[in-house]
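Both complexes shown next keep chain A, but they swap its partner, so chain B is in the first and chain C is in the second.
Up next is the complex of A and B:
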C-alpha cells in the first residue's frame, strides 16, 4: 500500500512537471503566445481581447498555469493550426494506432525473444548460442528507417506481397470505436469481417516486422545475459545438487529469477520502441501519433506539438511507472533499482 | 605455505593489459574494432580520401550505377546520385558528419551526465529520492519527441538536433553514474578514505572516478551507437542536418526520391550507417565481456 502511494505521488509529480513544461512551451515556441496556446488565430482586436480574457493571459503566470491545467483536465486541449480540428479528437484517433503497432511489436518480441534468449542462455558459449547472439547483434544494429525502406523495396515493390501504406484498404469503411483497427473490425457489423481482417493483417505485416526485428533482438540479448548471470548463482548449484531435473531447475529457479531484472529493462525498451514506431509510421503512412507529430513539425503546428508531446510523454511514463510498480510488487525485497545489462 | 613456481615468471599484467588480452581473444571484436578504425579514419581524413567534392553537382554524370555493375565506371566507385554527385565521396563526408557529431555529443552528454549523477549519488534523503525518480521519469521520454520539441523551438539544423540527442542521452549517464556512485559509497575503501579526512571532491577524484572509467567506456559505446542512429534518423526525417550538408541520414532521404531508379542511393548510405552501428555494438560488446571475464578470472 505504501509503495502504491509512493508511485501515485511520483506519477502525479511527473505529470505536473510535464504540464508545466508544456505550458512553458507556449512561451518558448516562436510566434504569438495566445495562438500557440489555443490554436485560434484572432480575427480582430476585440476577438483577441476576448480570447485573452477567456484564457486569463492577462494574469500572473501562476494563475495562467492553473487555468491551463484545469482546461487540460476538462478536455479543452485547443485546436490545430492547420486543420482547425479539436486536438483531443485528433490525438484520440492517432494515439491508439501507435499503441496498437507498438503492442504487436512488443508481443512478438516477448513471444520470440524470451524463449530464444532463454535457450541461448542455457546453452551459453556453444555454437548455437554464438549464432543466436550474432544474429541478434545484427538485428539490434539496424537503423529502423533503413530496415523499413528495405522491407518496402523488397516486399512491396519487388515481390508485391504487402501493401505500401495505410492501415486498411479504403474499400472497407470501419467506424472508429476503440481506435484499435483489429478490434474495430470485429465490432463493425456492416462489413465482411474475415476479408477486412485479412486486409488489416496485410497492412500490419511490414511495420510490425520492421519494429519487432529490433525489439526482439534486444529482448533476446537481455534474456540471455540475465539467464547466464542466474546460472552462476549458488542457489542453482544447490538446486541441482538436491537432484532436481533440468526442467525443474529451469522452471522453478532459473526462469523466475532471470525474468526479474528483465522487467525494468522492458520499461526502457518501451521508450525506444515508441521512438522507432514514430519513425516507422512516417515511412508506412500509418496514421499514428508519430507521423502526426512529424507532420505537425513540418507545418509548424505549435499547439499540436505542445499537446502531442504531453500525450505521448504521459502514455510512455504511465507505462514505465506501471512496469516499475509491478516489478516492485513482485519483488518487494528489491528496494533499489537493479537493472540487467544488455 | 606460499606457493612458488620455478618456471612461470612473476608477471602481473596491468588491468588495462588484461582487458586488452581478453578483448583480442575474440576475433569478431577485433574485426569490429578494425571496421570502426576505418570509419574513424574516414571521419578524420575525409578530404584526403574522398575523390570528389561531396556537394559538387555534375550534370554530365547523373545516376551512374556503382562500379561493379555493367554500366558503372571506376571513376565513381559507388555511382552518382540524381544531381550527379559522387556517392562514395558523399558517404565518406557523411561518415565524418554523422560519426564525428555523434562522438562529440556523447562526450558532452557524458561530462554533464557524470557530474550531475555524482551529485545525485552523493546526496541522500528526500532530495535525492525526488531527483532520482524525476530523472528516471525523464529517461522515459522518447528521443524523437525531445528532438521534435527542440527543433520546434530552435529550428532545424545539425547543431540543434545534436543538442536534442545530447539532452536525451544525459539521463542515462546520470542514472548509471548515480547507481554506481551509490554502491561505491557503501564500500569499505571509500569509508577508509573518508576516515582519513577526504572531502567529497577528493573521494570522487581518487576513489570513485578511477573505478568508474570502465563503466563509462561501456556506457559510452552504447550511447555512441544510439547517437549514430538518432543523428541519422533525424537527418532522414529532415529535422537534423539540412540537405547540402552530407549527413548519412540526409543522403538516404535524398536517395529516396530515386529509390526505384537508383536503389544504390538508398542501399549504400543505409549500409554504412548499419555497418557503423554494428561495429560500435560489436566493440562495445567485446569490451563488456572482456571486462566481465577480467573480473571473474
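Up next is the complex of A and C:
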C-alpha cells in the first residue's frame, strides 16, 4: 500500500510539473496569450474582457495557473484554432488510435520477441543465435519511416495486399464509442461484423508490421542478453548440478530471473514506441495523435499543441510508472520501500 | 572398487591463445562410506575439481582424464540424461558461495522442494505429493539445524543470513538422500557451535547412512577430527594422499608437513610467542606456474631434479609425488 502511495505521489508531481510547463507554453508561444490558452479568437473588446475575466488572466500568475489546472481537471481543455472543436473531443478520438497501434505492436513484440530471444539466449554463440542476432540487429537499425515507405511500396502499390491508408474502409460506418477500432466494430450493431473486422485487420497490417519490426528486434536483443547473463550465474550451475532437467531449469530458474531485468527496459522502450507510432501513423494517414500533432504544428494550432503534448506525456508517464510498479511488486529481491522512479 | 575414482584428471583453461593447466594429473578416490578431505590453499584448484565432478564446467575448459568413473561407469562418456539422473539421485554438491548459488527470485522452500527426486515423494495425487514434499522439506531443514522453518521456507535468499543459507545449501544437498556429498567449504564463516553441529550431522549421516563425503575445507582441526583420509592439493597437483592418521604422523611431502605445521593446534610443544613455521612465498598464479613439481620454488628440500614432475609413488594406500620425501631415512 505504501508503495502505491509513493508511486501515486510521484505520478501526480510529474503531472503537475508538466501542467506548469504546458501553462507556460501559452506565454512562450508567439501571439496572444488569451488565444493560445483558450483557442478562441475574441470578436470584440467586450468579448475579450469577458474571456479574460473567465480565465482569470487579469490575476497573478499563480491564480491563473490554479484556475488553468482546475479547468484541465474538469475537462475544459480549450478549443482548436483550426477546427474550432473542443480539444478534448479531438484528442479523445486521436489518442486511442495511437494507443491501439502501439498496443498491437507491443503485443507482437512480446509474443514473438520473448520466445525468440529466449531461444537465442539458450543457444548462445551458435549458428542459430548468430543468425537470430544479426537479423534482429538489421531490423533494429531500420529507420521506421523508411521501413514504412518500403512496406507501402511493396505491399500496397506492387502486390496490392493491404490498403494504403486509414483505419477502415469508408463503406463501414463505425460509430465511435471507445476510440479503439476493433472494439468499436464489435460494439456496432448495424454493420457486418466479420467483414468489417477483416477490413480493419487489413488496414492494421502494414502500420503494425512497420512498428513491430523495431520493437520485436529490440525485444529479442534485450531478452537474449538477459538470458545469457542469467545462464552464467552460479545458481544456474547449482540448479543443474542438482540434476534438474533442462526444462525445469529453464522454467523455474532461468525464465523468471531473465524477465525481471527486461521489464524496466520495456518501460524505456515504450517512449520510443510511441514516437515511432507517431511517425508511422503520419505515413499511413492513421488518424492518431501523431498525425494530429503534426497537422497542429503545420497550422500553428498552439492550443492543440499545448494540450496534445500534455496528453501524450501523461500516457507515457502512466505506462512507465505502471510497469515500474508492476516490476517492483513481482521482483522479490527489490526492496518494497525503495524510492519510486520514472 | 572405489565409489568415485579419478585418475590423472587434467583441466586446461584457454587464455589468450595459450593453454594453462589449472589441474595437472589430479588423482582422487573416494570409497563407499568414507569421509575424504581435500585440502589446499586458495587457488589450488579444489573448487575446480568439484565443478569437474558435478559436470558444471564452462565450455572453454578442456577436461581430460585417464579415468573418471562412478561405481565403474565412466562419467566422461556417460550420456547427458544418465549423468543428470546420477546427479539427481547419487551425488549432491554444496557449492562454495551459498548466497549466489541460490536463485534470488524463488523462495527457499520452493528451491528445497524441487530438489526432492520424485521417487522419494509419497502419495498419488498432487495434494498428497505436495504435502509429502513439504513434510520432508521441514524435516530436512530441522535436521541441518534451522529452527524456524515457517519463516525461512518462505523467505527469499537475500533475506537470510549467510550461515542459514549455508545450512540451506546443505539441506538441499541432503534432501535427495545422496550416496556422495561433495561439500565445498560448508562451514565457512560459521561460528564454532554451529560448525560443530554441522560437522556432527555429517559424521552421523556418514555413520548411520554410510554417506560418503568429499569434505573440502581450510579447517585442519575439523578435518582431522572427522575425516578418514585426506588428499593434499597444491597449485593443481595432488602432492600427497592417504589415511588421515598416517599423514598426520608421518607426512612424506614437504608441503603436507608445512601445511600441518602451520596449524598451531597440532603442535603440543610450541613455545610461547614463537613464530609459526610457514613456507616462504605464496601460491603461484596460473600464468606463472613453475615447471616440474609446482612446489619447487618454495620447497625447503628442492634440488635440481625437482624441475621434472615427480611420478606418483605409493606405500600401501599412501601415495605421494615427491623426489625427496621426508621421513624416508627411517624406512
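A few comments on the model shown:
Here is the rule we go by: the second predicted complex is superposed on the first by the 333 of 342 C-alpha atoms of A that agree within 3 Å, B and C clash if a C-alpha of one lies under 4 Å from a C-alpha of the other, contacts with A are read in each partner's own complex, and residues count from 1 in each chain.
One rule holds for everything that comes next: a contact is a pair of C-beta atoms (placed from the backbone, for glycine too) under 8 Å apart; a residue touches a chain by one contact, two chains touch by 3 or more.
Fair warning: this is a prediction, and the values are worked out from it, not measured in the lab.
With both structures placed on the common chain, the touch criterion links A:119 to neither chain B nor chain C.
Looking at the shared chain after the overlay, A:243 reaches chain C, while chain B stays out of its contact range.
With both structures placed on the common chain, the touch criterion links A:326 to neither chain B nor chain C. Of the two partner chains, chain B is the only one touched by A:28; chain C is not.
Contacts of A:180 after superposition: neither chain B nor chain C is touched. Legend: residue contacts after superposition of the two complexes on their common chain; A:155 is shown touching neither chain B nor chain C. Between chain B and chain C, B contacts the larger number of chain A residues. Interface of chain A with chain C (complex): residues 233-235, 237-245, 248, 252-253, 256-257, 260, 331-333.
Those residues of chain C lying in contact with chain A across their complex are 51, 54-56, 84-89, 92-93, 95, 97, 100-107, 110, 114-115, 117, 156, 158, 172, 176.
Contact residues of chain A toward chain B in the complex are 10, 13-14, 17, 25, 28-30, 134, 137-138, 140-146, 149-150, 153, 157, 267-268, 270-272, 274-275, 278-279, 282, 290, 293-294, 297-298, 300, 302, 305, 309, 312-313, 316-317, 320-321, 324, 336-337, 341-342. Listing the residues of chain B that touch chain A in their complex gives 28, 130, 133-134, 136-137, 139-145, 148-149, 151-153, 179, 182, 222, 225, 229, 232-233, 236-239, 249, 252, 256, 259-260, 263, 266-267, 270, 273-274, 277-278, 281-282, 285, 288.
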